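Both complexes below contain subunit A, partnered by subunit B and then by subunit C.
After this line comes the complex of A and B, so read on.
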């Protein structure tokens, strides 16, 4: 029982991931590949773009997140923050990028609202050479992720309760709310956001689909350069792509190491700041409210523009609303990628939750650090590296271009997220409920089914919804592993976004956004406890 | 400087938790309010401190040194509090905790006050330690010193000995009352343990929302 409970997770998730990473080793030792990679003419500017968009978007998202949390902590609007975070989390990155592009491009809704005129303004607002559009879209899209992590720390569990008590103590010691947030809440909050920030930074610096839609073209970000190399027909170019992936990974590790070093260096100055004494610093309530509303407005406009465009065969500049609506684009959403994406994601999410539950039920809690550690590794490494390694692993086994290979590749990030979000609630479950049920003559299985399952319904459903949303958004592993045999929604959407058919692009972006939204909504509704 | 309550009452969802209560606590005096748990005595302290939370509502007036505190936020009232938990900040050292509420000023001068407070609490050399490495009694003494270094004009104690070991309680009680008495500030304590009442201290009983003198 003990070993068989760990087996599915080990065989279907941990092993393919670890072996994929091992496959990167020969690539690291391939001298010819390195020579070719380092000789790439766009290497330096592309690396600079990747690092700048990753660093700036992460810092911007963090600043917005801290501002919102500081302004709304212990206020009545706090629960609205959770709604904003949940809504933003449900929209896939790629769909957000497509909608954001439609919003800010010269003939986009913002220009129609604010500029007008007979012809669109001469903006370089999409695919600008500095990567500003990409950076801004990344920051806005990662904000809900950081907010979700932050809200979890500040409003759930004993830790949050204790923090609220500490805030009362700080007030009795003369600190106004802003000073209390800075000196009491922020230090543990930042400590808890460390891993989410690493994930956000690595994601932003290595994202491919968003960069193809919004990022600069000449030169593009390094992730895009790598992407073209990995998809090249020549094996030598593929190898150079893997070498560049390792180079990018090393550069990201270096940035993180420098950040950690700076954090250590400023510890003394921080302690001085934290213990400087009482201060009348107020919480930035107004600024936070305005920022929150602005973030909500951007999200709403992005979704609105996707819906409008998908329904409008033509939308001449500068009118605010399309002259006519029809369902042509919706009808042209190909059923094959839609069904493949839906079924694949449902299967991956279900399998991930089942494997995680099996693990938690049969393994001692102290073993969790191995799977959680591996999950963090999976999420903190660029997907180009994990999926690139997986491609090399699957090729000799004949798994590329098969549904099984596609499923395993999707499972890698999905199970990682499911394990991370489920570990807390599952391990915090009070086992005495099950013991009490057993004492009432319930069998092991029926005690689990009738007591533990209903009590853990909400976290299980929301983990499944997160897994589903993560899976349906996968672009890099899908494209690499299918080897042209299948097509999923994100693959179609990326191809369309580089073409000129805006209504159809918008329709695919919508097809990509609706299923995860429905999944999150269903998880929320079905997860509500029956006794309230 | 005296702490005065003028017909203070507390309601929860329209139900009267504490009927109008008038009370004066003189400088250097400790008044104890005893009542069962859930009777609203901690809520009364929250109202005096200025951080009453949403479902509770209160009316009446609190004066400190004759001045009304109506509507003042908790951080400007200069009322020190001890809670059931020591609530030392885990991300700061013991010295950092003591500095936290101390008025701003030259660093050397503030550190001298920290050293003096550590000596008073028989914790010399503990300044750089993280709070979790201290024993429960040591942490409780740091919490009191931290509150007093903020130079409060009154103290509120919310069952401060409740979570201490039985053998620690007696020494902690005399430590707390002695230091508060030295500051010549009024002190209001709520508890449900008769043994907490300081010798010669005034005792009030809260029962069914009505306060009577014992």
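After this line comes the complex of A and C, so read on.
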């Protein structure tokens, strides 16, 4: 049982991934590649920019997330928060970047409203040298992800019950709601958000598509420099790109190690704060409401702008509405290959959740660090590198250009996300419920099915929805592995978007966001505890 | 090509068969190639960032199906280098190819030619190749100063062209010096994409051509020292120009399409393109207003040709040649040149066509058409490109 439980994850996910990573090793030993990489004039400023946008956007998203959760915890708006998070999560990063860019850029909506005139102002509101627009957009885009993860923890059957009891106890000891949240809810919340935060940081420091739209170009972030190098036709430049990839990965690992160290150091100070006597600290209801509404307004405006952009061939400064609308862009979306994408993504998400659950049920928790470490590496490395390695791995096996290869290529990032998102809630499950069921003579399977599964419904469904959303957005692995034999929705979308036609890009981005939106809303509705 | 028989048995054998057929057909007549092509599938790896191009290829697929019994599949790429890497990996692994035809030019062609990843020479055997205007369009035989040697078949012409809204810019700058004057008058309203974006590099090359003291150096290979000396006026020019550009030349757009979008939004005054008919096409599609004007620099502008090539490990080499030949036919070239379809200029010599074929090409001007076409200046030798890119990055990259 022990080995067979780990087998699917090991064989279908870890092994292909490790072998793909091994294909990258020669680059690590290629002296010429390192010389070329280190001589790149943009290397140092680009690395600094990648790290700063990753770190600052993560901290900002965390601050907003904690503020919203603290203000709305156990309030009537709690479930609306879930719906908001689901909607925000479903909007693809690229779509959000385009919409956000059109709000803030010099010829954008805000400038049209505030400045006007015939000629747009010369603001540095996108593509600013500090990456501020990119950082802000990343923080806003990652907020729904952190909220979803946080809500999933706090709404989980067993945890919600325990927290409710502890909050009652804290209240009876004289703690005001704000103090209760800080001392009872926040510590387990932060612990559970650890891995999602790591994902947010790694994503922010390695993102390419958003950086191309909103980030600076002289120098760009290191991820963009790497992307150009890996995209190059010459093998020597590709190798230099791989060397820079290893450098960026090492820098990310260093930042995470320092963060872990700092986290350990502050624990004692935190302990003193958390065990202090009753305090009249109120929940930041007003501030949370304002922040929530502002985030909602930005999200709503971004969505509205994308819809308008998809319908407007032209929208010149300074008019507030496009002079003409047409459906040309949407006509191109209509015949796109939707079914293959839906089936593939449903299969990949289901398989990933099943494999993760099998792993958690049969393996000791201390082994998690290996799979989660591997998952993080998979997410941190640029897909051109990992999927490129996987392509070269699959090629001699005849897996390229096949559905099986396509499925495995999707499973790699999907399982990585699902493992990281699920590890926290699954491992924190209070084992006494299962023990009680077993004591009442339930078999292991029926105890899992009738007690644990219903209690873990919310995080499982939300992990599946995240897996589905991740899968349906995959471009690089799909494009490489299919070698032109199949076509998926993002392949159609990204290749068309390479021409830079804004209405088309907007229409496809919206089309790409609909299936995950349905998945997230379904996960939210189905995941609600039955007793509410 | 390493033998794959032992490892992959039957699959390897099946994959090798078309390879030998490819060898045999050099002796065969064109009719035999057409006979072999019947029933084959051609995976045409082509950049798919333009709905017009995609629609044109869909039309071509219908035509070759009806005429030759060939199935043409457009494998949509975001970047042609992807196909280059794929063919390289396949050849290294000794696998049959997934690509039969690639839309290619410039550096991607150089790399594939140098690494012997291309099938051929085959272009001389194509019946329609005789119609190509190799005399007046020398770039149909020379791709970025590198001889094509029959390894790629010309498909369309490109020439650096600028465009703007004539309502906002009534006298367009017809040289790099006039562009500097315009930038001085309208600071912050002119820009170009950062090299190594293809169009950005071409803009810098155009400035190089217009500033260099000895143009005779351009078609020749060059080393770092000679390059530094020869480009001193170029970087003087760029140093003077940049403070008047968008964001004072400290930031640049990352791609040509971004500049076009900024023009459409009203943020900058001018866009640039390699397809002289793109502005007219954008007017037709509603992206740019009907007052759009397009021009080429008075003394001529950088131009080149784009091609189709067949990878050495292609599985349908016969059908790929038939498709390449079809793409050169007067009918296919005329349709491609039609502004309503794609607007890609033809590689053919219209004087070599009969009157009926010539009639297929319409020469009517449309809003956004280039008013006074200028002569084409060939690309500098390929050795200039990496040096330009590196020097630009060093001067302005960080």
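Quick note on the criterion: the second predicted complex is superposed on the first by the 341 of 532 C-alpha atoms of A that agree within 3 Å, B and C clash if a C-alpha of one lies under 4 Å from a C-alpha of the other, contacts with A are read in each partner's own complex, and residues count from 1 in each chain.
Keep this in mind: a residue touches a chain if its C-beta (ideal position, glycine included) is under 8 Å from a C-beta of that chain, and two chains touch if they have at least 3 such contacts.
Since the model is a prediction, treat every value here as computed from it, not as a measurement.
Chemist: With the two structures laid over each other on chain A, which partner does A:485 touch: subunit B (first), subunit C (second), both, or neither?
Modeler: A:485: touches subunit C, not subunit B.
Chemist: Examine A:188 and indicate which partner it touches, taking first as subunit B and second as subunit C; both and neither are also allowed.
Modeler: So A:188 only meets subunit B here.
Chemist: One more residue to check, A:212. First (subunit B), second (subunit C), both or neither?
Modeler: A:212 contacts subunit C only, not subunit B.
Chemist: See if subunit A has more residues touched by subunit B or by subunit C, and give me that chain.
Modeler: Of the two chains, more subunit A residues are contacted by C.
Chemist: So in the superposed three-chain picture, is A:330 touching just subunit B, just subunit C, both, or none of them (first/second/both/neither)?
Modeler: neither
Chemist: After superposition on the shared chain, which partner residues are touched by A:315: those of subunit B (first), subunit C (second), both, or neither?
Modeler: The second partner, subunit C, only.
Chemist: Mind working out whether A:166 is in touch with subunit B, subunit C, both or neither, as first, second, both or neither?
Modeler: A:166 contacts subunit B only, not subunit C.
Chemist: Looking at the overlay, what does A:78 touch: subunit B (first), subunit C (second), both, or neither?
Modeler: Neither: A:78 stays clear of subunit B and subunit C.
Chemist: For subunit A, which residues lie in the overlap of the subunit B contacts and the subunit C contacts?
Modeler: Correct list for subunit A: none, the interfaces share no residue.
Chemist: In the complex, go through subunit A and note every residue touching subunit C.
Modeler: Counting only subunit A, the residues touching subunit C are 41-42, 45-46, 105-107, 119-120, 122, 124, 127, 129, 212, 216-220, 224, 228, 231-235, 238, 313-318, 324, 326, 328, 332, 388, 391-392, 395-396, 398, 400-401, 479-480, 483-485, 487, 491-492, 494-502, 504.
Chemist: Under the stated contact criterion, what part of subunit C meets subunit A in this complex?
Modeler: 7-8, 11, 43, 45, 47-51, 54, 73, 75-82, 84-86, 88-90, 93, 95, 98-99, 107-108, 111-112, 188-189, 194, 196, 246-247, 250-258, 260-262, 264-267, 285-289, 393-394, 396-398
Chemist: In the complex of these two chains, what residues of subunit B are touching subunit A?
Modeler: Touch residues, subunit B against subunit A: 49-51, 54, 73-76, 78-81, 83, 85, 87, 89-93, 95-96, 99-105, 110, 146-147, 150, 152.
Chemist: With touch defined as at the start, can you tell me which subunit A residues reach subunit B in the complex?
Modeler: For this pair, the touching residues of subunit A are 76, 162, 165-166, 168-177, 179-180, 183-184, 187-188, 191, 271, 274-280.
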